[in-house]
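Presented sequentially are two complexes of chain A, the first with chain B as partner and the second with chain C.
== the complex of A and B ==
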């Protein structure tokens, strides 16, 4: 029973929250609102999947939100410069991936602790985003085919939800059912043992951080398409929420270990809470207080892994 | 695990407490883009207060300067089915999809200092170009249209950007006044620190070589005022001019130790009150929007405040 609660307790608490909101929050259960919640989960979860991969290898990526903003700005700049949107999107995603690879290089080759190196790249990404924009957001009524990625619907289902479910399936299989996933997990759990058993742990960490950057780039594409604009700090709020979703995810399914399914459910709980509080009529400060409580509790539960990632490098 | 249960129990209790207070009333969603900016907080809080005076159920949300958060909050309010929305300093182009969705859902939206949208009723705003011209000309006038000035700009906000561009236009027509240093505020979340760092460098670099400082909004001017005082300057040494208005600014205009010289006072409280009043007439009383505000804007006049009229604005 204890193990059951440890493994599924948070998920069950999320379910309890869902039931609570279904009963007390008007319109929570409406189809439109449930799709609204899932759409909001999409941005956060894709970004947090990347962070989860870095954390699986016991590396912290504190640059993912800024890399996402930079990728968004690159996409916005290129589209505003009349570059074909698929090219702009490819460039934006490549920007995120390059940032992740840079983090990987700094961590695995130059041996700069990820806590420090990713803070550095976060600052560089922020500076580049401001350099490209001059602080002024790229705003436009852009190509409808591009905006469809963020705003389009198939029937009443936002297409971004379908993209997110597809991405969830891919990263879930990647992290649990592939050789690469096993290598990433082994590297994060005990780097020395993994190395001695023949795993290229440097490559694993490089890939973990690169995937974090890739997640940032992909999220940027959806963000820009959804908002029809690109601003230098447009993903800033995702930093805290992305980390919170991942940490919350570490309290379920494989307790104390970062895991993709946990991250998705963590993101779902955070967004559900945020949506539910609005539907319940809560004032703005209640949401910040609740998010803070979630972070503190999830950090307390998953502290051991975090300590290893942050300080034992 | 126990901790999680306690947290979720606390969340449930908080939700229940909030839910318990709900009763049927006209529901107004109020969203401010960045409430850490005093003007936006004044705007949103006043809307909330005025709505409550009418017996409405007003829910005030803060987007913390995040585009995505703002979009999510608008989506959530639409799903909640609020009766109306008033948005402070929103961004019509970025949130075109949300505004369209609100219109489709039959939710009337009035924006404040946001810009016009085909999906909203109208925007309550001062005329930025008029205010900017007044502040710019006053700044140059304070040094008799001859000498050097410093400027603190902010390009990320439409209104503040317009103010800076009008300053540049006024300067271009007055070549005997030189802009010897300018800093553009970049980080919207830690902007106070950004302004302090940038302007302290410019003030040191140009010490004794400038007669006035122009700031794109009063929050910046208050920081610059402190920097000038720390630099040993006294009232009359340098003129400090900005835009927005507020009790602290008025107090400093009167303060013999402050460099704050003038501001263009935007009546945010009046704008907020007008937005609520108009919303009541349109959404509750059924008055046609065109009978109240024919165009996309409801312009509210702003007033230049300096030592000659500051007493009229100070609330004791």
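== the complex of A and C ==
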């Protein structure tokens, strides 16, 4: 019984939240609102998947949100400069991936703890984003095929939700059903044991942080296509939300371990909560307070990996 | 028996500390070769070098007549040498079967994708564990739920899984009770019976006297005395380690 609560307790609480909002929050169950929630979940969960992979290897990535903003302005800049949109998107995704690889290099080769190195790259990414835009946003009437990625629908279902489910399936299989997935986990659980078992732990950490950067790049593509604008700091709010989704995810399914399914459900709960608070007429600042509480309580409940990552200084 | 692993004049310094000052040991194939010595004699450093964890400053390692260079633990493993370190190096939060197959997971083809074959790993893990500790049957149990002896069993199972022909055991009985020690010594004997070469590092002279075919005693970074096992007692061995001379003790 205790084990069931440990494993599914948070997910059940999420279900209870859904029922509560369905009853008490006007419009929560409207199709438009539910799709809106799922769209927000899409951005948040793809970003948080990346953070989760880094955390699985016991490394923190505090740069993913700023990397996402930087990737977004790269895409916006190139499209505004009449570069073909697929090229712009590729360059944006490559920007995120490169940022992640840079984090990996700093952590595994220069041995700068990830808490510090990603804080540094976060600041660099932020500065570069402002440099590229000159402080303003790129907006425009962009190619319809590009905008379809963020706004298109199949029937009444936004395509971005379908993309997200496909990405969820891929990263779920990658993290739980492949050798790479177990190697990332073993590296995070006991680096020395993994190394002695023949696992290239530097490569594992590199891949974990690179996936985090890749998630930032992919999210940037969807964000820009959805908003048809690109501004520095546009993904700033996703920083704490993404961390909170991952940490909340650590309280379910495989307790105390960062896991993809947990992150996805964590993202669902956090977006539902934000959305519900707005619908219930709560003040805007309540969301930040809730987020802080979620982060602290999640770690208090499920600790180990995160504490190891944060205190590896 | 032919020589399986030979070290020639291995030197290793840590800053100003000379940990090894010319260790030359011949380990014969299919034998249990014990490495003994007091604290600080260089046993751990010597094992780390054979395991590829540390690299020697000078000297040569020869496996099956060929000089080798172990620049990583993986290089040592692929040369057929599996090392079980004293700290076991298990991941406590992972399951028994995940620990046994760490780094060498079994896969199967699913729609063209190479995915983990968890049922096969669980089955094989039961087989490995049964040789050592048949009481453990739930391969999904986390290692941190096991006793010290059971963890040792997991670590040894991992070495068996590597199909190594040489197994190095670093103080395998240090944290174990009497019954579990006997189980581990039985395993050492069964490793030998299955044709494997075993290098055993131990403080427990009784254990060494009970199983070793050959014994090298390290003293201040050198192998001072090389002995054949068989009729040695624990007291004999303690005398050699303390006196540092090869004179027979009566």
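Here is the rule we go by: the second predicted complex is superposed on the first by the 312 of 313 C-alpha atoms of A that agree within 3 Å, B and C clash if a C-alpha of one lies under 4 Å from a C-alpha of the other, contacts with A are read in each partner's own complex, and residues count from 1 in each chain.
Keep this in mind: a contact is a pair of C-beta atoms (placed from the backbone, for glycine too) under 8 Å apart; a residue touches a chain by one contact, two chains touch by 3 or more.
None of these values were measured; they are calculated from a predicted model.
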item	value
When chain B and chain C are modelled together on chain A, clash or fit	fit
Chain B versus chain C as contact partner of A:40, first or second or both or neither	first
Touching partner for A:172 - first (chain B), second (chain C), both, neither	neither
Touched partner set for A:20, first chain B, second chain C, both or neither	first
Which of chain B and chain C A:124 touches, first, second, both or neither	neither
Which of chain B and chain C A:297 touches, first, second, both or neither	first
Which partner reaches more residues of chain A (counting touched residues only), chain B or chain C	B
Touching partner for A:112 - first (chain B), second (chain C), both, neither	neither
Which superposed partner A:83 touches (first chain B, second chain C, both, neither)	neither
Contacts of A:238 with chain B and chain C, given as first, second, both or neither	first
Spatial angle chain C-chain A-chain B, Cα centroids [nearest 10 degrees]	150
Minimum Cα separation, chain C to chain B, after superposition on A (Å)	19
Doubly contacted residues of chain A, that is, touched by chain B and again by chain C	none
Residues of chain C defined as touching chain A within the complex	51, 53, 73-74, 77-78, 83, 85, 89-94, 98-99, 102-105, 107, 113-116, 158
Chain A to chain B touching residues, read off their complex	5-6, 9-10, 13, 16-17, 20-21, 24-27, 30, 32-33, 36, 39-40, 43, 130, 134-137, 139-141, 151, 223, 226-229, 231-238, 251, 271, 273-286, 289-290, 293-294, 296-298, 300-301
Residues on chain A engaged by chain C in the complex (per definition of touch)	173, 177-179, 181-183, 185-186, 189-190, 192-200, 256-257, 304
Residues of chain B defined as touching chain A within the complex	1, 3-8, 10-12, 14-16, 18-19, 21-22, 27, 35, 57, 59-62, 64-69, 71-73, 75-77, 79-81, 91, 93-97, 154-156, 161, 184-189
